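What follows is a short report on a single structure.
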Amino acid sequence: MIREQKINPENDLGFGPQPVIKNQPLLNKNGTVNVKRKGMSRFNTADTYHTLITMSWTKFWLVVLSGYLFTNLVFACIYVAIGHSSLDGTSGGNGMSHFLDAFFFSAQTISTVGYGHISPQGVVANSVAAFESMLGLLAFALATGLLYGRFSRPTAKIVYSENLLVAPYHGGRRGLMFRLCNIRKNVLIDLEIEVVFSYNELVDGKPLRRFFPLSLERKNVSMLSLNWTVVHPLDQDSPLIDITREDFERGEASFSVLLKAFDDTFSQTVHSRTAYQANEMVWGAKFVPMFQRDEEGRIVLDMSKINTFEALS
Amino acid sequence: MIREQKINPENDLGFGPQPVIKNQPLLNKNGTVNVKRKGMSRFNTADTYHTLITMSWTKFWLVVLSGYLFTNLVFACIYVAIGHSSLDGTSGGNGMSHFLDAFFFSAQTISTVGYGHISPQGVVANSVAAFESMLGLLAFALATGLLYGRFSRPTAKIVYSENLLVAPYHGGRRGLMFRLCNIRKNVLIDLEIEVVFSYNELVDGKPLRRFFPLSLERKNVSMLSLNWTVVHPLDQDSPLIDITREDFERGEASFSVLLKAFDDTFSQTVHSRTAYQANEMVWGAKFVPMFQRDEEGRIVLDMSKINTFEALS
Amino acid sequence: MIREQKINPENDLGFGPQPVIKNQPLLNKNGTVNVKRKGMSRFNTADTYHTLITMSWTKFWLVVLSGYLFTNLVFACIYVAIGHSSLDGTSGGNGMSHFLDAFFFSAQTISTVGYGHISPQGVVANSVAAFESMLGLLAFALATGLLYGRFSRPTAKIVYSENLLVAPYHGGRRGLMFRLCNIRKNVLIDLEIEVVFSYNELVDGKPLRRFFPLSLERKNVSMLSLNWTVVHPLDQDSPLIDITREDFERGEASFSVLLKAFDDTFSQTVHSRTAYQANEMVWGAKFVPMFQRDEEGRIVLDMSKINTFEALS
Amino acid sequence: MIREQKINPENDLGFGPQPVIKNQPLLNKNGTVNVKRKGMSRFNTADTYHTLITMSWTKFWLVVLSGYLFTNLVFACIYVAIGHSSLDGTSGGNGMSHFLDAFFFSAQTISTVGYGHISPQGVVANSVAAFESMLGLLAFALATGLLYGRFSRPTAKIVYSENLLVAPYHGGRRGLMFRLCNIRKNVLIDLEIEVVFSYNELVDGKPLRRFFPLSLERKNVSMLSLNWTVVHPLDQDSPLIDITREDFERGEASFSVLLKAFDDTFSQTVHSRTAYQANEMVWGAKFVPMFQRDEEGRIVLDMSKINTFEALS
């Protein structure tokens, strides 16, 4: 059974008392909220931007490339539709060759490279070409904005240990421990972390989710220079002191981690979130240090060791 | 009659004791301030930018397109004015056909596509063309900045329930309730809300506007994961406990809502405002939940239900 | 004589006890610091950027235009130096006409318009042209960044009344008053203002500057909807209660105004500063209201009245 | 020996009790953290951006130029591979001359200048050219973003005195002093500084690093108008009062300086860090003032004097 404790209403992550069922965490491992949403208006510029900014680079380049091809196909058809006379300097061939001339002319126009060995003739073709070149400039303006937007987004990338250890902690106590570090080059300062424990409790028969902020050995770090091992001491003040492994499982317990930091390189506040489920807890193990010294006495931090721990006999 | 209470002077939204007359709210539904302004210097770069950034996309594209057409018209006239000899490779026709040649040459120049089948001849035409192409680059630089500016603006879009309900609230009390959710994909954290009640009071004959911050069941949410139902309990501590429906109407009462949040996707602080007038209050009704569970037990939030409530018999 | 009072060391605006002499204010009317600086390394990218961002638009366009002309002149000379054969399609004239051909070819290259009626011949000319076109793209990239930088800077423009009034203030007291409003369209919220009074005091013969934060009727406004009249009550708690007009003059007194606000449109924190000197104080006058009502009862704010006051008999 | 004192755990700069050995400071003079890192995934967009943004301008231009040359070389090879017929308008020469034609054509395509005296023939060459011009636009979009990113980074450049002086301080005491100023034009306000003293202490035989926040005569300045001399009074409350010069050396003592300010010109929070080692302390010297008055009585600040001090007999 859990100990009674004043709950800070701010700490329910905005879920209220909704219970977790069928092992559906509230917060996913990657920090996103596990809620499906519907009923929003389909098209939505801000979300389009959001999507283009957050999608993977591979996807992004595919979108750009296919957009470029598609637009050229459309304009090629238009030039073909206008007729042979519309493009001067073409091989004058028919069907496919004519289409290809139109396609490449379109590419030369939209990219504003305009060699000129093919050039538009007549009012219609000229108007289309004039419009296409303007379109090209704007499309390119968009690409510029998107590329910059993708780059300049808060770039802190925090890596967390996969497991949450129940390890011995000085003073013969035990503590809940996980650790994290920043695998990016940018400097993170003024870090602040919050860990919220939540689990299902049966209140007159029906399950309700309850949330408990966990006190930490240390809530802040002024600079993330090495790795940071976050510890919740399992002492008399901890609401978890009496909980058994079975309780954690049964209550679909989870630990939500909310990290806030200031990215000193781009002067932005950045947030990072993750969650540990009961099945990610390891009992009786301790982390292996992540750093050694090199010959000059400099500290060397090995990121790949983030989750390395040793079981305790 | 309203109960006496210490007023926080910060909460008058900067209006001071100006009364509301003829149902002119201080804060519009969309969160803008209902004040007409005059006497500013007409032309004002920052405001031009502001206008171009905040106007609708349709309007924006119209401005860009017409700007492009207009500039080309101007330059076409200049090339025509310089005379036939100024453009080489034209059909050499007169009047309209000459003008069109000039127009399309201008378009090819300003978009820097420069096919070259038409090219400038002589010092004057060359100078104009050189200037126009530079202008084109800068205009395009502007467009880039504007497009990026439009995209990268704080994008949280909070939707509020249209009505303010006077609903039963646990402990047999009643409460004033409205709810909100974010219809955008970006994650909002550290939300803080403030509700200010204002109404006209007769002070020795003349009406003065008075402002009362309302205490809320909950002022903060650490993450906006689902919808958020904001509640002002109508208990003994509420300044509204004794007010009748008629009082609300007579005093041109309004509730100003000020929401502050941190957009975690673009790491910007965003604000949202709205207001409820007396005529938007619904007495004796309660909101219908906005979410169900899907088969996997995942919570599904239906944005379209934001204002769905049921009357209470 | 001034009353003793605890001084908040943070309020000396970073000047320490340096006295003001020969009416050289510490803070200029426009909010800049009145200090000459030398000994900095001359060339300094960040400052170049700073200069280009903060200079007037007229100046900015002149810089861009002259840069464009200058670069073209330089490249024109290069092409001329390489010799006639370097450019194909030129009139083949000598001296001036050759130079002009080179100049316009350069313009067509740097703007990437590249008509092609003139084209580079030979390795040298081609290499120069290839380099120039790359340069053109980068120069233009710079222009884009600068234009966007100029636009997206915090744009709040606070206008202050020119004078600081010593006006009657409720409760039969007097108060020091000035007022301000935002002439831009962007919404300012969470405003906070600080007024620091400073003057020279003779400490054993030599003058020292002393600073006194002034208590205000109101330090914050949650939204700048109308104008804001800032009042320092001249009551028993004011350090100025006993100062005479002569004292203000003699002590080279000045009032520094520091305003902080959040620009809700671009979600940036903006600051504004100004200062009032003793000779800008007006004794026995009061401000005329800046707004009336229109026929619909809407408040109409007239910015042009910002400094309108009436003398009191 | 050092005096016992409550240590604020936030002040260990994220290093914990790791001792400093072989004079390897935790914080480098330039404010970077002295830790080697390994085990990160090699390629990493955010870090690529970080590198391109933070590298020196010379390096940056070299990267851009070589990237441009390299890409053109690659495409030149492709055009050559496709064969003579692929490019129309070339001299038709072989080997080198053919390659050069291809190279310059590529340059004209990627920069979208496209003179057209050389133009692509056939489907293959046209496709490559179409792709190359698109690539050119995107590369350029990247350059734009990078240039703007480089410019718009927080630009405060704080210069610190090279030495930390142990100077006489009013009241016959001594104080630890260093000074700083901003050599950039942008206005810094709301400055806040923190100085942390750290040194190795032997705890039962093995050295541990201990950290002591030092109390300062003044922690904040509302505006950095002149230079700022930061003073830690060596009085009875100072943990350093009893430490000898030898202790500083032996304990590999260092002083970490953390400065936070708001850049009013670009409305960004900026941070600056530096560190002083024991061997940079100067005993019995005092700083020479950095400013005089000019004839109009204006204060003139001479940045070059930042580290000028005079020894005391």
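The letters A, B, C and D name the chains in turn, as written, and every chain counts its residues from 1.
The rule we apply is simple: a residue touches a chain if its C-beta (ideal position, glycine included) is under 8 Å from a C-beta of that chain, and two chains touch if they have at least 3 such contacts.
These figures come from a predicted structure and were not determined experimentally.
Separation of chain B from chain C in touch steps, taking the shortest path, is 1. Any chain that touches chain A and also touches chain D is listed here: B, C. Judged by shared residue numbers over all numbers used at their interface, chain C and chain D contact each other through mostly different positions, with under half in common. In summary, the interface at B-C recurs among the listed pairs A-C, B-D or A-D; the equivalent pair, sharing over half of its contacts by residue number, is A-D. Computed centre separation for the pair chain C/chain D is 27 angstrom, with centres defined by C-alpha atoms.
Our note on geometry: chain B versus chain D, Cα centroid distance of 38 Å, whole angstroms.
Residues of chain C found to touch two or more other chains are 108, 112-116, 144, 148. For chain B in complex with chain A, the touching residues are 57, 64-65, 68, 72, 100, 104, 107-108, 111-117, 140, 143-144, 147-148, 151-152, 155, 157, 183-187, 189, 191, 218, 220-226, 228, 262, 264-267, 291, 293-294, 296-305.
Contacts from chain D toward chain A in the complex involve residues 9-16, 18, 20-24, 26, 32-41, 44-47, 49-51, 53-54, 88-89, 108-109, 112-116, 119-120, 123, 126-127, 129-130, 133-134, 136-138, 141-142, 144-146, 148-149, 153-154, 258, 268-271. Of all residues in chain A, only 112, 114-116, 144 touch chain C in the complex they form.
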